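Consider the two complexes below, in which subunit A is the common component and subunit B and subunit C are the respective partners.
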Partner chain A sequence: MSKRRFSSGWTALHIYGAAFLIFLYAPLALITVYSFNSNALNMAVWTGFTFDWYRTLFGMQPAGAAFDAAFTENPDRLLGVLRNSLIVALSASAISTVIGTATALATARYDFIGKRIYQALLFMPMIMPDIVLGIALLIFFVGVGFKLSLATIIIGHCTFLSSYVYIIVAARLAGMDNTLEVASADLGAGPVTTFRRVTLPLIMPGVIGGFLLAFIISLDDVVITYFIAGVDTQTLPLFILAMVRRGIRPQINALAVLLIMFSFVVASAGLYFRSRRN
Partner chain B sequence: MRQVSEQEVLRVDGARKTFRTPESGVVTPLDGITLSIRNNEFLTLLGPSGCGKTTLLKTIAGFEELDEGEIFLEGRAMSAVPAHRRPFNTVFQNYALFPHMTVAGNVGYGLQVAGVKRGEETARVTDVLRLVGLSGLERRKPAQLSGGQQQRVALARALINRPRVLLLDESLSALDRKLRQSMQIELKNLQNTVGITFIFVTHDQEEALTMSDRIAVMDKGRILQLGTPAEIYDTPKNRFVAGFIGTSNIFSGTLAKDGGTSRVEIESGPAIAVTADGFAAGDKVDVMLRPEHFALASGRNGAGGSLEAVIENIVFVGTDLHLHGRLANGLPVVALERHARGAGALSLAPGQTVTLHYQATAPHLMKSQAV
Partner chain C sequence: MAEGGTISSQRRKALFVLLTPITLLLGAFFLIPLGIMVVYSFLEPGLYGGVVWSFYPYNYGRIFGWPLGGGEEFEPLYIQIILNSLYYAALTVIVTLVVCYPVAFWVSRMGPMAKNIVLFAITLPFFANLLVRIYAWLLLLRPTGAVNTALMSLGLIDQPLNMIFTEFAVIVGLVYVLTPFMFLPIYASVERLDWSLVQASQDLGATPFQTFRRVILPLTAPGIAGGCVIVFIPALGNFIVPSFLGGSKVQMTGNVIERQFLQARNWPFGSTLAMIVMASVLLLVLAYTLWMRRAANNERLAGAGHV
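Entry: the complex of A and B
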């Protein structure tokens, strides 16, 4: 081992690894630094440390003197879109978790005609370009006379989130010994009890992991949401997109940092549950 | 003490099952099986892998359905009863312990599902864990147990429900040899204690002989012979059964009768003196001689016969010596000599020609199987 550590290939691998991580995380680090820069006009020039952008996000008065009211967004509006985003993400990932889990159970435990095709089709929403899915959903909703609203966003998100949940839960089920369910029946448990006491606890890490992944994907989806959100309904990513169109404001950095932190926590929790073994 | 009665507890009647597999086409694991299982007996289903023994166990448990036939528990047809309502419990080959529950949770599961009160459950879990020798391990998870301990948990989990019949699917085969042998004795003792009918599936003939009251030898979805271990060992019905249980010398030949004596004439080989009740001269037969039927010293009473063989190999197995040799016509023969009698004294060596004596009652005649 020690010999290998000093070889040139090993050093190169270390440098490559470090470079890769810097490439991934430098922009995120930069945006975090900018979010504390008091310079409201040119964020690339550091003028001092401030919490002002975080304060104004939540409608508080800025502490700094150099503050231009034109840069503030209406905090009520921000809270409104945040609420929309959370409603969409929570409902869509909850519904998708139920659908995805049920689908995974069906394909793992039963044989039916066309199962292979069915399984292949389940991957389609993930492979298909978002823009195609977005347009397709829009045409569908308009075609059947569905008024675009939060409900259409939730339905739209469910179409592809179910696939993500399915894949994660199916992987978990594949690792589960199905004689455990047989054993449960053998010991006198009916199908419902077996599901509640044996199957569900054993696939729970996959179910929770799938839910959290779906939640994060739903929360930051832009492309599909853009097509199926009504004119008067906006989610947080769409709101940010609209903000950016009018110029990069310092508050965007602060908002981005909050989103990074939130996503990081949820995604870590998801990965943790997904990988957890009994 | 356990009493095996003639009273029937379970009856398999004309069980038939076929299915199609992509690899080997149509498979018939159960080809018309009729079997009566007595109250409190230890019945072993013995056969090579793929003989249908596990399928039979699964259909009794209710995990698989029969195409034809019926299973009766004390006269009640079981086919419409789902697995979770049948008063049978299974000890699975891989134990199938619930990994997310403790030992106590696993063992108490059947009682919880049945709605037994918490206090009674705890008491019965304690009792059954003591019975299988696992007291004090209640709070462990299955992953923290050895293979032998997991096996006992699986046994306790099945026994606690006081099933009418306990089904054991190759339950000892995952254990190492030494543990397996001690578990065989323990399992047998346990059955004597609890007084439950055991149906045990195995491909291990030694296990079957050690534990069973009766053995059903199966092959290709049929029961070839059903009997006590001694019956199966001493009087196998055919070449397959004789070959599957223990070591045997089986010679094919034609029965010849000459006045009061009978003999089997082996093709281009010696004749073996036999007692041939129920067979007619000219019948094609297989004759079986167990290795322990041979003695190097000539018989205590004159009646019997002998075979000349050249020793090729002498295998020392502790208690015995196994003499592997060949008859003049090249057929292999195995004889067993007690070690105590001493190979040294007889100065046996490969290459040597010996005379293997047997008593007239020793050779067992079987109807020749159509090949």
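Entry: the complex of A and C
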């Protein structure tokens, strides 16, 4: 009924919504097109299709004829950076998944004094502007005498990733009653057995979803990493930042496209698990 | 699960095991670092990036003009930059709100299949790397960028428009990056909207504007408020967007903080600026929490009135 009354505006709304989606995706599509454009001087003018920017990114010889050799990247450097990023993202998201899930179980299944304080505290790292958390961690690590390294980046990421995992797992626990857990306990299973055999399988989609989203947020983090990475440690986003600051070159497009594709695949899997019902 | 009124010692032990990791993590690596930052903002900057351990409130004096001492002078530039940042963040909130609000209605009226696909499509860009998304706008807006090239080849302009390194570019960048944060809370409240109330309003002869103003807007207010808060916060502290798209012309507080830490190496002064950002954020979140609590109370009272 009300739908019909609004139908005059419905077409306009469709156009508006489509324009919104174009706004979201056009810039990403643009980089993708640029990354295959052989024009090294002006990306905005199409001169032909090439894989050269991807090839030179990995140290391969460009296939194109007219090519400035200075554009070739050092592949070892990129692989080292990629390795750093994966170590950080895997460790930080694994640790955060354990901590976030444990916290979610505590607030969902137990009553304790200070529960609301914990719940409020868990929101704090997510609402704190990145730059504030980044410099606070920098002052702390330097003050305590921690050498800035991959380890400090992993710790820094855990502080905010745990909250993301907590929220995803807590949401799953909230939508689930505890009948099966009670039954398991009544049948004589200890808390560990009940957790392993009953609770964990039930919350598994939330845990996997939380892990994947934490992984991709860690992999993409720029600001906090920027402050606590130290001078000789670089992650992929910091590598891209340094590339862009040296000047815009076509290889940046190629690397950006690879990173977007990877993020989209992992994030899609994460969103799928998060929304999956039993 | 509730075994009478008392908590068994086994359960207490389990709770302890579950809560210890998060307590240590957030205690040691979140609360203590922020506490040290607060202390740093009251310390005297030493030579070569160090600090002198004496009470030194003059970092604040340098920004606000009071208290002054220790050779610090009032530099009105910083208040200007802070106010500019607040203005850019507010403008970002308004633009994202205006952009996202109709989209939320568009999505909420779809069939379940289309709805899931579009929601997924709107959420996904959030996971594309932040730098890459901002870099894309650098490619779009610079003088030899896509927009200028397109407009010039169409003959609409002779000279490239000066878009990069302007306030416009910074706002566009912030809006682009933060749009998902505004969309999701608004969508959640639009999705819960009770359309029978809208219909009732129309049946009682309200104009579409009255229906919007008196029914739809108040019912979706919680989502609007939530979206505004979580867009404002990252916009205020941002430094990647202004450093890419604002160049040296458009400065935000985040850029100044970054320079104090990594170039000027005046950590106390950088901490002071970060304190101002943090205080603004906490005030905003506090106001939002109080407002939400009052709204919830009003609803409860209204509910009691019906009985």
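Keep this in mind: the second predicted complex is superposed on the first by the 271 of 278 C-alpha atoms of A that agree within 3 Å, B and C clash if a C-alpha of one lies under 4 Å from a C-alpha of the other, contacts with A are read in each partner's own complex, and residues count from 1 in each chain.
Criterion: contacts are C-beta pairs under 8 Å (C-beta built on N, C-alpha and C of every residue); 3 or more make two chains touch, one makes a residue touch a chain.
Keep in mind the model is a prediction, meaning the values are calculated, not measured.
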Mind working out whether A:Ala44 is in touch with subunit B, subunit C, both or neither, as first, second, both or neither?
second
Looking at A:Thr193, would you say it contacts subunit B, subunit C, both, or neither? Reply first, second, both or neither.
first
More residues of subunit A are touched by which partner: subunit B or subunit C?
C
On the A-aligned overlay, A:Ala269 touches which partner chain: subunit B = first, subunit C = second, or both, or neither?
neither
Now for A:Leu121: first (subunit B), second (subunit C), both, or neither, which partner does it touch?
second
Looking at the overlay, what does A:Val182 touch: subunit B (first), subunit C (second), both, or neither?
both
Just checking: does A:Ala171 make contact with subunit B only, subunit C only, both, or neither of them? Give me first, second, both or neither.
neither
Going by the contact rule set out at the top, does A:Leu150 touch subunit B (first), subunit C (second), both, or neither?
neither
Figure out whether A:Leu13 sits in contact with subunit B (first) or subunit C (second), or with both, or with neither.
second
For subunit A, which residues belong to both interfaces, subunit B and subunit C?
182, 185
Across the complex, what residues on subunit B touch subunit A?
61-63, 82-85, 88-90, 92, 94, 96-100, 109-110, 113-114, 143, 157-158, 161
Given the complex, residues on subunit A that touch subunit B span 177, 179-180, 182-190, 193-194, 197-198, 201-202, 278
Subunit A-facing residues of subunit C, complex
1, 10-11, 14-15, 17-19, 21-22, 25-26, 29-30, 32-34, 36-37, 40, 99, 102-103, 105-107, 109, 118, 120-133, 135-140, 144-146, 148-150, 176, 179, 195, 198-199, 202, 230, 233-234, 236-240, 244, 254, 257-258, 261-262, 267, 270-271, 274, 277-278, 281, 285
Give the list of subunit A residues in touch with subunit C in this complex.
1-3, 5-6, 10, 13-14, 16-17, 20-21, 23-25, 27-28, 30-31, 34, 42-45, 98-100, 102-103, 105-106, 109-110, 112, 118, 121-122, 124-125, 127-133, 135-140, 143, 155-156, 158-159, 162, 166, 178, 181-182, 185, 191, 213, 216-217, 220, 222-223, 227, 237, 240-241, 244, 248, 252-253, 256, 259-260, 263-264, 266-268, 271
